[in-house]
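This is the structure, below, for whatever I ask next.
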């Protein structure tokens, strides 16, 4: 199977490599050429421009760093739009907002192409291990066609309906995650101030019905006040805000998420926004002798 | 090793049986005699009264249904106090409040006995399988002595320091659990009202960093509005209230827990208190067309 | 002093009438002509179009019903822009969003005119009595020039700095008002369920340090479950949302406002959005026997 | 009319003085005698003990500083109980908890006396000016008999039903006040961080529908970070806690009060508990450059 691949950042490189290792023919493009060359050793072909990649491949996957890069690759000169058309599919796996996704969707389908948004859950390690979770939405036939590639890239892929649903699903998951992180921080602080050993709390939690990888992974570093960013707090807060806005549109009252969001905002006001989102722990902890 | 065992309810019977199967000599007592006889088949001896059990055994374990039963077994005529004394240990594994635990603790030690509170996390199934988590606090020497029994009863036991810490640890865990349940309910409702399939949300959650047994177990029944009580909502709300009170004593501000607590209170006002605590989902769901 | 006046809705008509009664020469325009004629009896001149009004008067005041009407009067054919220019001032007293205000501001100043946003606090009665509170922002010289008119229209006018500050001030006030309404509703329900007479609560409140016109006015109708709309709940919730968004921009954490906002959202989900914002009381009241 | 008066603290002295000035015959007692002598100049008689005062007067009023003082005056040797009985009334105007009030109530009525709890709203100045608000509950006949005294002491008195209702009414009022203070603080901080002048906000608020003495009085000092205690924050937080507990008993969900309570708890954790309750403003204000 032949696949075009646009964007070789941390995630993209690992994903393209996986496709190559699993026997896919991959034509890659990246804004800075050097990154492409590393993949040539493993059998990749280089495309000169996004348009050239789309011309050559029936399915092109993109994973760009942000909305403006995602738009630029499609709409700029030598971009995807110049070659997309009937019989060709474009799969954007970037995490972008509704608006961006919708613009690309409209432009691609106006040209006769088919489109899928497919943001992923998981970071560098799962990308390398082919253990991502893929939240696809848009053209179902394209989804079916892409399954062999998704099977290599992820441990599981979902088809969630019309364009926008992939992004919404990510928001819902991240909202639950953000509220859980607040609950967890409150528990850690309550334990410590009540004379319990927070490490014992971690052990007890990990043996019970709410044991989960996040508590297991973040708990020990939070106790050490170590918040090196895996998922920056300001992004978590942005997702809480967007999830609350989605709730507002649909008249869903979410007081727990709202309380968590305000704690993340307090953390931003303390200039913790670039740390890991577990740094909300610092807000729960603030008290006289620590300030 | 010889162990006395007071209280053969659902939990107690399973636990005493485990001890017998693992070669312990067990002398049992229960308010209604019939329950003791079932265990005699498996090698148990019957004690006529709590006092008789304590007289015979150096270590006596109790697991009673509520504070008044826990107090009665100790303080009533023919109770534990009549025979407890130097060289004898009493381990109360009931889930009781601070006050109750503290009264028993003082009475037992005043007679020269040693005392351990050791509430457990886990219900019927883990009790049968010896997979409880034991939160012990009090006399450390007694804890060491009891380890062989704890190893049979639980997958893990903790020694948490002075009397009261076992109960506190349970409160902290249950507080986190209650906040998580609210976050989870909000996510389920947001998904559904935003046009996502809530079953897909469960699948996505279960593949990610916040996957946990509670979401896995309760999610499908919550979607079906099925809340048959494993842990009654009114007890969950009571634990939230006590955890918040513990925070109040120690000047720990916990806005996420407070928001969750108010939702559980709303659920009580809707007469959902006897259902499972996951019924807080009904509160998040309330809207015009459902009422 | 000569003043142009665009928009003769409930508010506009009362305000234009006040200007006339106080000796101002007023040239009025309204989309439907009939409303102008009522004012002619009191000495008003009619302008055929917004452009004609601006041509004739150095200061033109507008109070339109919503952002689209506010934009249309300026940008459409025969609109304000066609005649605005150096030496002419335009004062928009409509309550509109930042964006709308900013568009009008830019267009007017690009033509050389001066601009003031001046939303008001107060409804029909204060408009008739000249008792509005005027929150002006933009061109300070124009503000100074308009003071004689503002003195007639309001009991007090403020100059708040650059364009946008008038709208922000309204949001902050309405946010405090929305949180207070929630606190008040919770108090009324707590009183009633605790066996106190809610009318006695109103009396006690009105004698103390937090006595205020809103409690005095809305309390008795809330107790009767009467919520005929003075300020619709959906507008109050929109202002809470915008105030929280303003806080988000400036990293201000506002947990009380967030909790109040979620209650208003719940009210919207119960289809109470078109009732008075005091209908949030219904959300606090919901319990089993009332449902 | 003859009245006994126990307790000549700041409040008690002002109140007793008012009674004397208005022609009541007053027999006073205070733990430290000196305070009584000041009142003798104005016509007061001194009673040697609480019992002596009760023996002499058919109605005895007490206003003590805290529950232990309120209990001591009744139950200690030479206390109220020794002389109370049929035909004699005891009115406790102290602010105490339910339990204390209930103990005194039971003891007085067991002796055949009649009892009224009558906590007041208002501090030193209103006490001097006879402008207190009196929240009476208990024996209605005694209330009727005491009206001439209440008319002198307060601008208004209420009879609220059975013992306990006076204290509950105070809690409900203070809960609303605490939530309002949070809303007000959030508004002040939002104004300032959004580039508005907080003094202008105070002016705008004071002209509108939510204008109230508390905003007027505390606003200017809060802007100056001046929190000299009129009502200490720790007492406000205690009242929020008790009001939330009253809600818990009656299954009333109060998310706005809960959010406010957590902010007051945060303030306590920052050691602001002895400042005025308006110091919760400091919690809303905390951000990086201020810490």
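Letters A, B, C and D mark the chains as written, and numbering starts fresh at 1 in each.
Criterion: a contact is a pair of C-beta atoms (placed from the backbone, for glycine too) under 8 Å apart; a residue touches a chain by one contact, two chains touch by 3 or more.
Quantities reported herein were computed from a predicted structural model and do not represent experimental measurements.
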item: Number of steps on the shortest touching-chain route linking chain B and chain C; value: 1
item: Set of chains whose contacts include both chain D and chain A; value: B, C
item: Chain separated most widely from chain B, comparing mean CA positions; value: C
item: Chain A and chain B: spacing of chain centres that average the CA atoms, whole Å; value: 39
item: Multi-chain contact sites of chain B, meaning residues that touch two or more partners; value: 247, 251-255, 258-259, 262-263, 266, 269, 287
item: Residue numbers on chain C that touch chain B, as the complex places them; value: 255, 259, 266, 269-271, 286-288, 291
item: Touching residues (chain side chain C, partner chain D) in the complex; value: 121-122, 133, 135, 155-156, 158, 160-161, 165, 168-169, 172-173, 175-177, 179-180, 182-184, 186-187, 189-191, 193-197, 200-201, 203-205, 207-214, 217, 243, 246-247, 249-260, 262-263, 284, 287
item: List of chain B residues in touch with chain D within their complex; value: 241, 247-248, 251-255, 258-259, 261-263, 265-266, 268-269
